[in-house]
Amino acid sequence: MAQEGTAAEAVLTGLAELREWQEGFYTNLHEHPELGNQEVNTAASVAEALEGFGYEVHDKIGTTGVVGILKNGDGPVVLMRADMDALPIAEATGLPYASTVRMNDANGENVPVMHACGHDVHVSCLLGAARLLAEKKDAWRGTYIALFQPAEELADGADVMLKGGLADLIPHPEVALAQHVLPLPAGHVGTRAGAFLSSGDSMRVTVWGRGSHGSMPQLSVDPVVLAATIVLRLQGIVAREIAPGEFAVVTVGRMVAGSKSNIISDHAVLELNIRTFSETTRTTIVNAVHRIVEGECATSGSPQPPTFELYDHYPVTENDSTTTATVAEAFSGYFGDLAFTIDRQSASEDFSEIPDALGVPYCYWGLGGADPDLYAKAEAAGTVATDIPANHSPKFAPVIEPTLQNGTAAAVVAAMAWLGRED
Amino acid sequence: MAQEGTAAEAVLTGLAELREWQEGFYTNLHEHPELGNQEVNTAASVAEALEGFGYEVHDKIGTTGVVGILKNGDGPVVLMRADMDALPIAEATGLPYASTVRMNDANGENVPVMHACGHDVHVSCLLGAARLLAEKKDAWRGTYIALFQPAEELADGADVMLKGGLADLIPHPEVALAQHVLPLPAGHVGTRAGAFLSSGDSMRVTVWGRGSHGSMPQLSVDPVVLAATIVLRLQGIVAREIAPGEFAVVTVGRMVAGSKSNIISDHAVLELNIRTFSETTRTTIVNAVHRIVEGECATSGSPQPPTFELYDHYPVTENDSTTTATVAEAFSGYFGDLAFTIDRQSASEDFSEIPDALGVPYCYWGLGGADPDLYAKAEAAGTVATDIPANHSPKFAPVIEPTLQNGTAAAVVAAMAWLGRED
Amino acid sequence: MAQEGTAAEAVLTGLAELREWQEGFYTNLHEHPELGNQEVNTAASVAEALEGFGYEVHDKIGTTGVVGILKNGDGPVVLMRADMDALPIAEATGLPYASTVRMNDANGENVPVMHACGHDVHVSCLLGAARLLAEKKDAWRGTYIALFQPAEELADGADVMLKGGLADLIPHPEVALAQHVLPLPAGHVGTRAGAFLSSGDSMRVTVWGRGSHGSMPQLSVDPVVLAATIVLRLQGIVAREIAPGEFAVVTVGRMVAGSKSNIISDHAVLELNIRTFSETTRTTIVNAVHRIVEGECATSGSPQPPTFELYDHYPVTENDSTTTATVAEAFSGYFGDLAFTIDRQSASEDFSEIPDALGVPYCYWGLGGADPDLYAKAEAAGTVATDIPANHSPKFAPVIEPTLQNGTAAAVVAAMAWLGRED
Amino acid sequence: MAQEGTAAEAVLTGLAELREWQEGFYTNLHEHPELGNQEVNTAASVAEALEGFGYEVHDKIGTTGVVGILKNGDGPVVLMRADMDALPIAEATGLPYASTVRMNDANGENVPVMHACGHDVHVSCLLGAARLLAEKKDAWRGTYIALFQPAEELADGADVMLKGGLADLIPHPEVALAQHVLPLPAGHVGTRAGAFLSSGDSMRVTVWGRGSHGSMPQLSVDPVVLAATIVLRLQGIVAREIAPGEFAVVTVGRMVAGSKSNIISDHAVLELNIRTFSETTRTTIVNAVHRIVEGECATSGSPQPPTFELYDHYPVTENDSTTTATVAEAFSGYFGDLAFTIDRQSASEDFSEIPDALGVPYCYWGLGGADPDLYAKAEAAGTVATDIPANHSPKFAPVIEPTLQNGTAAAVVAAMAWLGRED
């Protein structure tokens, strides 16, 4: 067997040929996004493709989870995961393949749906890598597991697959891999040992006022004024209560009160998102949210206590050092200067729940998806490229290439650091 | 023919007997509320009842409008109006006949529905008066028109009936009457000459941020913080920009932003309600809303200008002096000390659009619907009864009696000031 | 003795001649303002002038109070009062006779001083009237008392004079009069029976944080953020908690926190001003301030409870009906259409404490002081003249004439309604 | 000559004996603080002490700067700096030696004064080290320069000494040293290579309203509401506009508006403090402050544009790597586990301006000053010791010992890493 670099390169010889099929798959997937645990069509087309490549396929794991297993003699077992679900966002990219899909979410509410987090990129790249490995089985040995997870955005897709019996369906992996497209210049691939992604928690806060006719505020306790003050007060947590330089995010992603302009409602709902890299900071924030909400309810003369509901908990994603060193070296060899040590990212993931449950070390990396020209222009102008829509923006739109080619190559190169190993 | 008081009393001899039927009608209507322009069942049961009393009935006027006409020889033509529609509010009264109805509103959104403004009282009382007048035709002469209007809460039900050809369906009235149940002690009936109800305007404000992942606020312009600041700033209009003592209300009845805790949305919507008794004040407020919203968008670095949409305009309801003097005298004669000169009310109505379009003077009055015991207790405790749910509260619950008996009597007494007139 | 009008006109024959002296007195006083209870030079020049006119003068009453008494045979005893004190405001009128004075206030703080409330107009007009009455003693009979009060702005000058023995120094008046220059077109004189000026209360609120270095907010409880939120929340009292149309003002006139940009202070001070025409409303506001401040301190995690200090209480100024009818009739006779029934004013006064203590009915009126041209221009442009600096503005600058001539005439005409009376 | 550790220990044999004198000096200095560039008595007692120890003394450098030079044969020249000035804070420690001093500040305002930043510790420790070195001249060789700097808190004391000719008064140092007492457990000494202290900038923002009487808000543009909203909006810079984890502080240390409760002032002043470790972040913040203030002024309808004044700029304090390695090694040798690598600190210093101007590498370190028992108790309770007053708190109170003994030892040990060097 040839040496590492060469082996990966051997697998990647089919990369350019893949392009037309892969881009077609990607734009079709982007145009037909599905919400978490409802990725029925996505999972079906993934399963169909894997079968076509010759994989042993298990589907409907948990809800819509899929794994494809390709056994190629003795050797390391490598698992790579892609997430499949989309978000309740109305797409505003103006792309020719933009989504106009609407679905009922878990609460039965009809919402617009969009691949605003790039999971369509992840699926397309992992499928591409799965195909290339299947086409060049003589360049490696071992077992490759391509895992397609539902409902990452609901923080429960990994758990759903584990509860659906994943451990019994696959051979025990030696290593687990995953990637995420990010607003970095396309072409770049970055990883880091240790903490990579923050923990994430969501919190639903309901505060109570007293309803009244819109023209009789004096008979009301106005929940809109109450909610608005809470929003402003919450800014003070990161600005004043957390030590400067300590990573902490408190976002009010959703705020809803009232049904009609001339009715003062009797309650308002705030949905918060909290990100930290430290349990102490997380506790400080959660306590501060309680103190602020309760204090503001007292200020308003709220007639009943607020309620707090924590949900969608994500753990810190913390890359294994040895595993990451191996991946990083393989990336340097293949991508040269475009491989780099990335900063910690403020996003969160449930990916780590699967390797953690299986007792497997993992490496997660970031894949550039933004038009490199935008960065070049900003640099030329001496500014920073802040107008690049980030993940979860209704305008999030990775450039198709070199993103897909690159993400496919990264998936292959990383896996081949094990599968192409000389023993 | 007997003298005024006596004639009305003659019509009212059947009042007590009416009670069982009327309360049944009322509780059934309360339990089955319908949104504006969709009052199909309400209108049908109203039309059926009127026909049963012997009225000439026209229905489906505009959308769901109904009029019943009872001709009783030569004499004055008196029109009295009741509004039929309910509100998108989830009832929280705990009453045995509480509504659990949900309907699709005009935007296709499925919403809870409740008679939170007492239109069920208005319908029940007007039907009761119509029945009594039909039963005692020898006590009066002239023509009585009972008009049941849709969609008062949408500010277009009066207009809908006018456009639906109302003027051609009824004889020209000499006077128009209407009443509204209010959080006053049940038993009381109050009217006033001149301005009675404020003008009302709704305004939908959409402000724009830049969407991002909830963990990457630095790439966003956060529309939740923007909307919250606008809400607090809007309080300054009444508190700082309008002369103390000048009637002015600016309510943000609805505030909506975002779909999910970990997504920063790209816009927020505020729905305001504005009430004044003066065009100058109205203009000052509308201008201030524009200035504040535009200023806050600039503060946030909003990527696109806000939009403003004025809707649901209600005129000032201004009682004719002569007509009101006649009604007030009749009320004093029948109700004694319970008849009073009411203060201007901050609510708004589209009732006046019909008499204004027909060139008819009108009188509007307030009907007490709150449990008198609550006031008595508050007074005994030396406090003010502020815990009485106002119109549009999810806990708005008039006491059935004496509200219905009284509202029926008021309708008869007022009409009889014309119909029972000695010529 | 001639009839009323003629008698007042007889006294006023010297009005034009007075002008040069009076304007000199006024501009000199404007340029040399003195703070409350420190009006030493003002009082001395007033006393000197009164003596020169032949009045019996008592000075240093309480602190710096002065009365001049002119007995002119049997007849009514009329008291008219002017207030003498200025405000801690840095004048920004740009007038040639603008003040550059600084004084130590009652707390020993060195502050700029300005006649920003027009008390210099009141003093000048009352002196002018006193002189004219002294010059034409044959046109009237009775006793005229010109009273010059200190410290109206501190809400204790009237009280200071009463405690200083005023009642024993003067004959018992039949009526008490006072006027105030307002941002109305100069030339106009307006009064009204009943409530004229609101009650006023000041409230000093001290809230506590925890001090820290400006770079270590996480160790602090930031009193600046706390105070800022309280200020915004207080706007909700008038905007949301008081019935629309009910007169109520809550102004935070002073807000002070911290000594240096890079130190987080441990407290902040807010000084509020509260105006109402109703004790119930006043109580509602005071309770709401307590609730809001305490609630916000809890929200901040304030380490010690806030403190509240009520001070500078002013009663409602409520004109006696009969007395006011007499004055209004005299004004109409002399000023014609320029005499009008003025609206309630939101300012407050301690004037009424003196007649109330003496058991004397009173009439208070408003004197136009603003350039009539500004109103004419605004009217021509179809706008409202909002750019006229109000009392207490650093740009408050009554036009000298016709303000002084008119204010002098008003003082004479009103007094002569009694002093010129035919018995 | 003995080896390093031993030589330093030789100098430190007199440490215990020093204690009584040093503590007396310290408590006296704490009780008699002086503001920046006015440290007349402090400087005099420092100069007197240095002369008593046998130093060549230069005083009144710039304003009140003092240096003492002790030449002890050929060898390295080591400069150590202490800052002498206190802060305009009213002491609230309750210490027996608490300050009750008041002084006029640079603006002529009379303010309370307190050593709330521990400069009294710095002065006392440097004097102690100077004395020990003078007493044990046989344990080292070279030249020791003890530099006492004015006005660190005004960001201009280092500059003042440089402009006052410092470079010509002292031999060129090989290294510069300085220490700062911090809310760490006393006994600990921490340093770090590279960025140690943030940059600091102050910004004075004046916003304009329109003045009015407190009872006539409708004629005003209320600068208090404007300033309050700006304060809340500024919290959004760190909370929303700076990447999570990036060091950034925006503190409003001072907020002043109005003179009196019943006057609406025409302006408000905010004094901000900005801290960063990055020029890009600093620029982002300064731009955001401009955008926010200008936006809020537009929202208020401010009649004139706000003004911005940047002042008190401090550079980043960035320790030289080689120098710091030398100091850290010496600390480890002497203090053992109590010597540690400290985190970046959010405070700022002008110390670096002197070595930067002289072209000299420097090392700055942190000295624990807080009662170690408080930390022990917090740890035992499983909490964090957040109730320890930080620098600039009115309750900032280092424990006298072991702070002074330790700070003196640190000064000696660090200097002896050069002065005690075997060549």
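Each chain gets a letter, A, B, C and D, in the order it is written, and its residues are counted from 1.
In the analysis below, a residue touches a chain if its C-beta (ideal position, glycine included) is under 8 Å from a C-beta of that chain, and two chains touch if they have at least 3 such contacts.
What you are looking at is a predicted structure, and each value in this text was computed from that prediction instead of being measured.
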item	value
Remotest chain, chain A as reference, centres from CA atoms	C
Contact-richer chain pair [A-C vs A-B]	A-B
For chain A paired with chain D, centre-to-centre distance based on mean C-alpha positions, whole Å	44
Between chain A and chain C, centroid-to-centroid distance (C-alpha), Å	66
Chain A-chain B separation of Cα centroids, rounded to whole Å	49
Shared-contact residues (touching 2 or more other chains) in chain D	198, 215-217, 220, 222, 225, 229, 232, 235-236, 239-240, 243-244, 249, 275, 346
Chain B partner contacts - residues on chain C that touch it in the complex	198, 232, 234-240, 243-250, 275, 277, 280, 344, 346, 384
Complex contacts: residues of chain A adjacent to chain C	215-218, 220, 222, 225, 229, 232-233, 236, 239-244, 291-292, 294-296, 298-301
Contact footprint of chain A on chain B as seen in their complex	87-89, 92, 111, 116-117, 153, 183, 198, 200, 202-204, 210-217, 219-220, 222, 224-225, 227-229, 231-232, 235, 249, 251-266, 268, 271-273, 275, 312, 345-348, 386, 388-395
